[in-house]
Each structure stands twice: as structure tokens, then as C-alpha cells.
């Protein structure tokens, strides 16, 4: 297959993909903009109910920032922590709290937090899955206790399924 | 639930939230979380109407990230550009396009873009003012032409006044 | 002009400045330039009394650098440590030494120091509050023992209340 | 000379140096903490007289931050610009505005601003000299027009000589 054929082939695939996506976004494995906002608002509503001030970040399947909101009076330092929690959760498809069990002194991936321009290995980052159980992104929450952050992130991630 | 229903759902949640907060906001000179989301959604709606794919960032009075959303299929490289446009607009209380008139070769602040971990000096970043004409934050839009980005940012910034 | 005269000169200028600004300050929840200088000089005077050589940084409510001074012969490496201590204290509204109790191996936020472009989690950073008990910024001190740094920072932060 | 002797030798030199410095700081070619504060306050007083809102930074002979102050409501983006102006002025012992004449497209040191983690090549940074005409540090001012910044920096630098 020469270059031109390859290009045509790619364009054809792209055309088909775009067409089928136009009807129903859900079949792709990347979180949509509206889904990300839905996750964000569900997590924010949960945080408001619990009276916790948090930063909430959503990244897409490529671990790139998709949506973000910072509640008033929440920690300034939690902006970066929330984004890094979301990225960490998607980088390794893991609950960030579980990652932390492996990164302690003596742990099998000790100090992996130093890679990727800084990872976060305590709770509050969770992968987001669609109804087909495929990971389509991740959410990171920071500002409350680690238990609160994880709970808010979980509520956010589950909003996709409703 | 199709896309339209999803959008309506988001708007409904947002409307309720905005209403319950309407009484206590506006008194400080820092953008609130709900104002930032309102700016974001107004800019996104404008972009959808114009059929432009953009990233939209809102920073607060301290130039810290307050809210962000990336439209589907918009440029990945525009995530950072949108955030830097918003920061630049607040760093110097200026329409980023006007800054660019001064930073060209021979300009009075040539190469200032190299400070502050990278500034953006073309259109798409605009300060956000409240009804008392005080700057409370800034919006940055990236992904369309510079004219489109500036127009979408303007619509977003003005949503505060409605 | 010898050192003592120079110091008196500085204090005199400062006193005049503070007096002329006394009427309009305090109403916002952000530290003013003159308050920051007052904090700086109070901390410096304490360090001189204790015969400790330190760097002293003050950040505002947005965690942006507001004032800084480095004592002669103090550690060069303490410039960045002092600034990061102040930022950390404001990022999380906490005495940096208390943060450190949570970031040790096995701690609930182990390795959070890797976020926000580097945090400092040992003593010497303290939030600055106004008379209404609102956090308006933070001070970071580095160069002495951690006990000395914390004590100097505390004296600095309390200068706001006099 | 073995290690122990070398150490004793160093300590002896240090003791002599400290002793002679204690009497008259001026003989060294590095700006002192009190001189830096004097420069800072003189520049601030000039800015207040001129009704300009600026950030003012002073670096020592080693181009390390020695003192800093940000006036209320001055540009957030000027924190970094002021510090980089001071560093640039000391890095090359030059008025930053003069450097800019050489860094334009076609200039002999085109784009040198990209080195040293970011230089500033427009006016506002000036070396500070002592009475013996030795460079002992530099001042950087940012927030006004480039003419205002340069004038305020000049007044600051000259305060050393009074």
C-alpha cells in the first residue's frame, strides 16, 4: 500500500467514524464535552451537599484536560492536585489511592510520582467508564479529606451511567 | 438520553445552582464558581452556533484556573493556549490581541511572551468585568481563527452582565 | 551612613507610608503592599535579635509574591525554599510543618510535595490573618533551624495585628 | 596541606572576613540587605509620586533575588517581568533597554531572550553601582510604561549613592 492509498484509507475510515459518531456519540471510547460537564456538575453537587470545598478536573481518554471547575474558597493548591489526580488515574487506569499502596518506600514502584511531571498517589482520582465498561477518561477531586475526595470523584464518575 | 436532552439537563442543574447563589454573590471582586461556569457555557453556546471547535478557560482575579471546557475534536494544542490566553489577559488586564501589537519586532515590549512561563499575545484572551466595571477574572478561547476566538471570548465575558 | 542609621532611615520612611495608608487599608481580604513590608521587617528584626540569617517571603491571597528580603550571608538555596514555604502555606491554608505530618511515607497525602511545581512540607510557612481572622496571605522563612524559621514566621505574621 | 588544615585555613579566612565586614559592609562588592531595602523603598516612593503601579525587584551581585515588593493593584504579570529585568541587567551588566537594541530580528544577539530561563530586553532593568562605581546588583521595575519603569529603576539604583 503506497502513501496515497494509505491516506485515502485513513480518510475513508475517518469519514465512516465521523458519520456513525454524528448519530450517537456514546459508541466512541472518549468522553464527550457534555459528558465531562455532566460529571463535573454531579461531583460539584455532591460536594455542595457534603459541604466540602473542592477542585474538580476531568481528563479525556488521551489524559488531556477536558473540563475543570474550582469551588469558591477551595484550596488554591488543589487546582494542580485535582488535575494531576485525574491524569494519574488515566495514565495507569487506576484509583489513585491504590497506586499509593505501591509507591511507598520499599514498594515495587517506589517514587513513581516523580515521573510524568508529577503524579498523585493518594485517593481522589478515578477512571471514568462508559456503559460498555470501557475507560473513556478520568476524574480528579481535591480539597476535602482523601475519603471525601474519593467519594465525590466516584459520584462524578458514575454520573456517566445515568 | 440524546445530546439535546443532556444539554438541557446540564442547563437545568446550572439554572437552579445559579438561582440559589444569586443572593450572596457579586459582593467581592473575584469571579465566583457559578459565574465562571456561566461564562464557560455562554462561550460554548456561541462556538456551537458558529460551528467552531474551541477550548475555553476562565481564570479568577488571582489568575488561577477557575473553570475549563474542551469541545470535542478541538485542537489538543489549544488546551494550553486557551489557559495561557486567560492568564495573560488577567496578568496585564488587557485584550491579548492588543498586547500583541506591542510585542512585535521593534515593539516596546518585544518578546515579553517569554516571561511568566509563556504568554500568548494574539487575540482570544479578554478580562472579565463585573457590573461595577471591576476586573474579576479573564477568559481565554483557542481553536478557531483569532477573530472567532476573540468573538467567542467576548460573548463569554459579557455573560456576567446579564 | 552606618547600618543603624540606615535602618532608622528605612523605618522612618516606612512609618510615614504606613500612616498615610492606614485609613483605606484592611477593608479587602488581600494583604496590602505596606502590610507585607511590615510583616517582612518584623520578621527580619526578630531574626536579627535571634542572630539567625534567613530569607523571608510574603505572598498575597492569590499566592503571588508580594514582598521578599534576603539577609546578608543567608543561604542562597533558601530563596526558593522561603518562597515555596509561603506559597504552600497559602495553597492549603496551613502551617507547613503540619502539612509535613501528613506527607511522610505511609501518610495520607504522601509525596504531595511533587505537585504545584514543588511544595515545602516542613516548618517555616504560616498563613497571615487579619484582625477579622480572614487569611489574607502567607509568610515563608528559611535559613535557620526549622524551629527558628517557624518562630520568625510567626512573629512576622502577627505584626499584622498590631 | 591535608583536609583538616585546609578546613582550618578556610575557617580562619572566614573569621577574618566576617570580622572586617562587621565594621563596614560597604567594602564588599555585593549589595547588602539594607541597601536593597533602601533601593526598593526609594523606587516605591518615586512610583507613588508618579502615580504608577509597579513591581520592584532587586538582585545581588550573584543575580539572586535580594528584595522585592509588589504595589497593590499592579499587574500580576509584572512580578516575573520585574525579577527577570533585574536578573537580565546583572547577567550582562547592562540597561535592559540597551540589550533590546541587539536582540531584534537581524540583530547580533537575536533571540538571546530564550536563554537563562527567559530574559527581558526592554527598559526597566538597571545595574546598581556603589560609590566606587562597582556593580553590586541590579534593579528591575515593571508595571508602568517602559519610560516610567526605567525612570523609577534609575531613582532606585541611585538611592545607594545618597
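The chains carry the letters A, B, C and D, assigned in the order they are written, with residues numbered from 1 in each.
The rule is short, and it goes like this: contacts are C-beta pairs under 8 Å (C-beta built on N, C-alpha and C of every residue); 3 or more make two chains touch, one makes a residue touch a chain.
Note that the coordinates shown come from a computational prediction; the quantities given were computed from them, not determined experimentally.
The minimal number of chain-to-chain contact steps leading from chain A to chain D is 2.
The chain with its Cα centre farthest from the Cα centre of chain A is D. Averaging Cα coordinates per chain places chain B and chain C 33 Å apart.
Per-chain Cα centroids separate chain C from chain D by 22 Å. Separating the centre of chain A from that of chain B, both taken as means of CA atoms, is a distance of 22 Å. A straight line joining the Cα centres of chain A and chain C is 36 Å long.
Within chain A, residues 76 each touch two or more of the remaining chains. Contacts between chains form some other arrangement here, matching none of path, ring, star or all-to-all. Interchain contacts (touch definition given at top) occur between A-B, A-C, B-C, B-D, C-D.
On the chain C side of its complex with chain B, the touching residues are 28-29, 60-64.
Note for the complex: chain B touches chain D at residues 62-63, 88, 90-93, 105-106, 108-112, 114-117, 119. Across the complex, chain C meets chain D through its residues 3, 6-7, 9-10, 13-14, 17, 32-33, 36-37, 44, 60, 62, 64-72, 76, 79. The part of chain A that touches chain C in the complex is made up of residues 75-78, 80-81, 84, 100, 103-105, 111, 113-114, 118-122, 145-146.
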